[in-house]
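Here come two complexes built around chain A, the first alongside chain B, the second alongside chain C.
Up next, the complex of A and B:
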């Protein structure tokens, strides 16, 4: 037990800086995922068949590809091809584009969840298409999209650990724990505190999501 | 783009044993995935039932267990187990593992990989199964009880057949994730497809052609996309057949990456 506290005191600066790197990694990847997801969802709902096919292909490819393969392609692969990409760009880009495929599916089903009758009713009340989208469809779609987006954020927190451990030189929480462990051989204590760090992130993300859900819940 | 499709950069694939070597590595991933899937499904169902148990402490304990494992990064679990598993366990695995298994699976490190995959995925699958069971109308259990069925009979004949059917899509999408996650075991030096890919890109390997990194991993990616795409198509077909003609469209339970499992559904 005393060992546990000693390791915390000794390793705190490293673990804290790793924790912060993980937070920033997830934040940047989240923005990329949201942008890519919105774009792809738009493509999948486009009136042109070609655009829909492009959107569907994106989703199928990025959902079925292991994140680690994507990281190898975007870092070592592009580097060897003469396009030097920094670890940060490759890491957040890969995680963002990977999650973007899931975000696109969540957004698409959110928009579809709003009944067609809602739009028709809005239009018959004299709202134009943009007003109907902004005032009727979007607020309702937003609600249905909260739970899946929260889930994707949690998945991203967990997946961000892959970036640090793979070949990229990014000292995130798991990487810092690994380095400290290899210097001190305090395996259990080090990984215990790293686990606490990850649980703080995932559990607080869950709590925030629950709050948002109840706040925007549809009251009947 | 021209670099990616330049035939010169794909020559490695037909040189020496490269093609076979990569595919052999991929086969190791598939085998790890299959073993982990079987154990995760069984353990997942057990955990789901324990969590729904009427004995309070059992339910709470199972709940904590599931929530801890599914909220940790899988790579974290695998790495920890690889460093921390007691040596006797590893030796026991090496003496137990069947000799017809490929060489890559004979190594004791595989135990950490399999254990990590099963701990994480069984927790996730337990949540999916619990949601499937909870999504059923309460009347189903009550009707079965009023017909004189015991708790076990209710579960076996009424609740599980209906609940499990609803979670087929979510489970399959989790199995696809598991299949992708087998690449993570390369971190603990198990000789699977990612490792083979890195060997091929090294100097003077098989016929002296150094394979370009980008193309090698694009090729490996294609293998995964094809396999997982086929898997998801298969599940869609399964779903349609189970629904049957003239029936109401099946209620679906959504997976982790699609939807948060409802905490208090009913």
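Up next, the complex of A and C:
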């Protein structure tokens, strides 16, 4: 037990700096994922067939490739093709666009979950299509997608650990833990604290999601 | 560029070959050793069955952790699919001295010491520098090779030595290598990128994501063999005596390894391996190292 606390005290600066890198990675990726997801969900629901095809292609490409492959392509691949992307851009871009494909599907299913009758009722009451979407469909869809979005956020936080291990070698929480471990051989204690670091992030995400769920819950 | 493409092709071929031949064991080249040691089996010493070495003899094989991706010390030959190199030669000599078969498994810089501590391997021969810190975790043989720390850069780079690695530069080395400390000390402003293997460093240098790689000259020479647009710059940064990693406290093993290495250094087998794996590429001659383990530990950083 004392060993655990000693390692925490000794490794704290490194682990804290890694934690901060992971927080920033996840925050930027989250914004990219929401933006890309919303845009693509919009494309998939668009009245034009071409837009729907573009949206579907995006989802299939980013959902069906392993994240690690995306990281390699977006970093080594693009750089060799002459586009000097940094490890940060490649890392947040890959994780964000990858998660964005899932977000798009979650949003789309949320919109479909709102009954067709709701739209018909809104239109018959004199609202135009945009008003119906904004005032009737979206609020209900948002409520439905909170749990799946929470799942995706937690998955994204965990997936971010791949970025430091990959060729990108960003000094995130897991990477800093591995560096400390390789210098001290304190394997168990080091990775215990790395796990605690990831738990702080994932459990926080869970708590935020719970709050949102309660706030927008259907009162029956 | 064509040598780069060739390298990718070789990697692809090696992967394919590995897939095809994975099921076919091969026991053809068991004697190993290029120039001598042919009659090793004749004077093999038998160890008591309940001793560490006796158990290895009983089993008939010794498991040795080597690099798979560091030509010319330990790497998979894409043509023969064999693991070859200077470290592998030394491992075969030690196996010969025991009269058993060597089994080589991959040990990267980051996991080789845990492998030894958890009995995944009997020995580590993976371009491992003797350091005082490592010496508290495992035992080392006497040094069997002396490498020098150098810097490798792209052919058109302005970097001429460690002093040029300032705040605008980045430098790559392997996680768990001695260069982590060396670079933090000698090039504190340069961004340090730590990856799992040297081919990853090479990829980062070739695609321009880092400005330099720092590690042992022999590893860097291996990269130049694959891509002759890269170049070595600056003076020797460090002296890196390689030792065989032995589980802490296994004196019987340490004695056997030290005796075998001394014989290899004395009877010309060391020079044969040097010439095959290093000398023919660098046009340099070298004598077997005479540095002792104590000197190596004192020399090492920390």
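Couple of notes before you dig in:
Here is the rule we go by: the second predicted complex is superposed on the first by the 219 of 220 C-alpha atoms of A that agree within 3 Å, B and C clash if a C-alpha of one lies under 4 Å from a C-alpha of the other, contacts with A are read in each partner's own complex, and residues count from 1 in each chain.
Here is the rule we go by: contacts are C-beta pairs under 8 Å (C-beta built on N, C-alpha and C of every residue); 3 or more make two chains touch, one makes a residue touch a chain.
Since this is a predicted model, take the numbers as computed values, not measurements.
Greater residue coverage of chain A by touch, when chain B is weighed against chain C, goes to B.
Touch criterion met: A:210 reaches chain B, while chain C stays clear of it. Legend: residue contacts after superposition of the two complexes on their common chain; A:67 is shown touching chain B, with no touch to chain C.
By the document's definition of touching, neither partner reaches A:103: not chain B, not chain C. When the shared chain is aligned, chain B and chain C each come close enough to touch A:76. Look at A:161: by the touch rule set out above, it reaches chain B but stays clear of chain C. Using the contact criterion defined above for the overlaid structures, shared-chain residue A:87 touches chain C, although it does not reach chain B. In the superposition on chain A, contact is made by A:183 with chain C only, not with chain B. Touched by chain B in one complex and by chain C in the other are residues 76, 79-80, 165, 178, 187 of chain A. Residues of chain A that touch chain C in their complex: 75-76, 79-80, 84, 87, 165, 167, 169, 171, 175, 178-179, 182-183, 185, 187. The touching residues of chain A, when paired with chain B in their complex, are 60-61, 63-70, 72-73, 76-82, 102, 105-106, 147-148, 150-152, 154-155, 157-162, 165-166, 174, 178, 181, 187-188, 191, 194-195, 198-199, 202-203, 206, 209-210. Partner chain A is touched in their complex by these residues of chain B: 3-4, 68, 71-76, 79-80, 83-84, 176, 180-181, 183-184, 186-187, 194, 197, 201, 212-214, 217-218, 220-221, 224-225, 227-229, 232, 254, 256-260, 263. Here chain C touches chain A in the complex through residues 109-110, 113-114, 117, 133, 137, 172, 175-176, 180, 193-196, 200, 203-204, 206-209, going by the rule given at the top.
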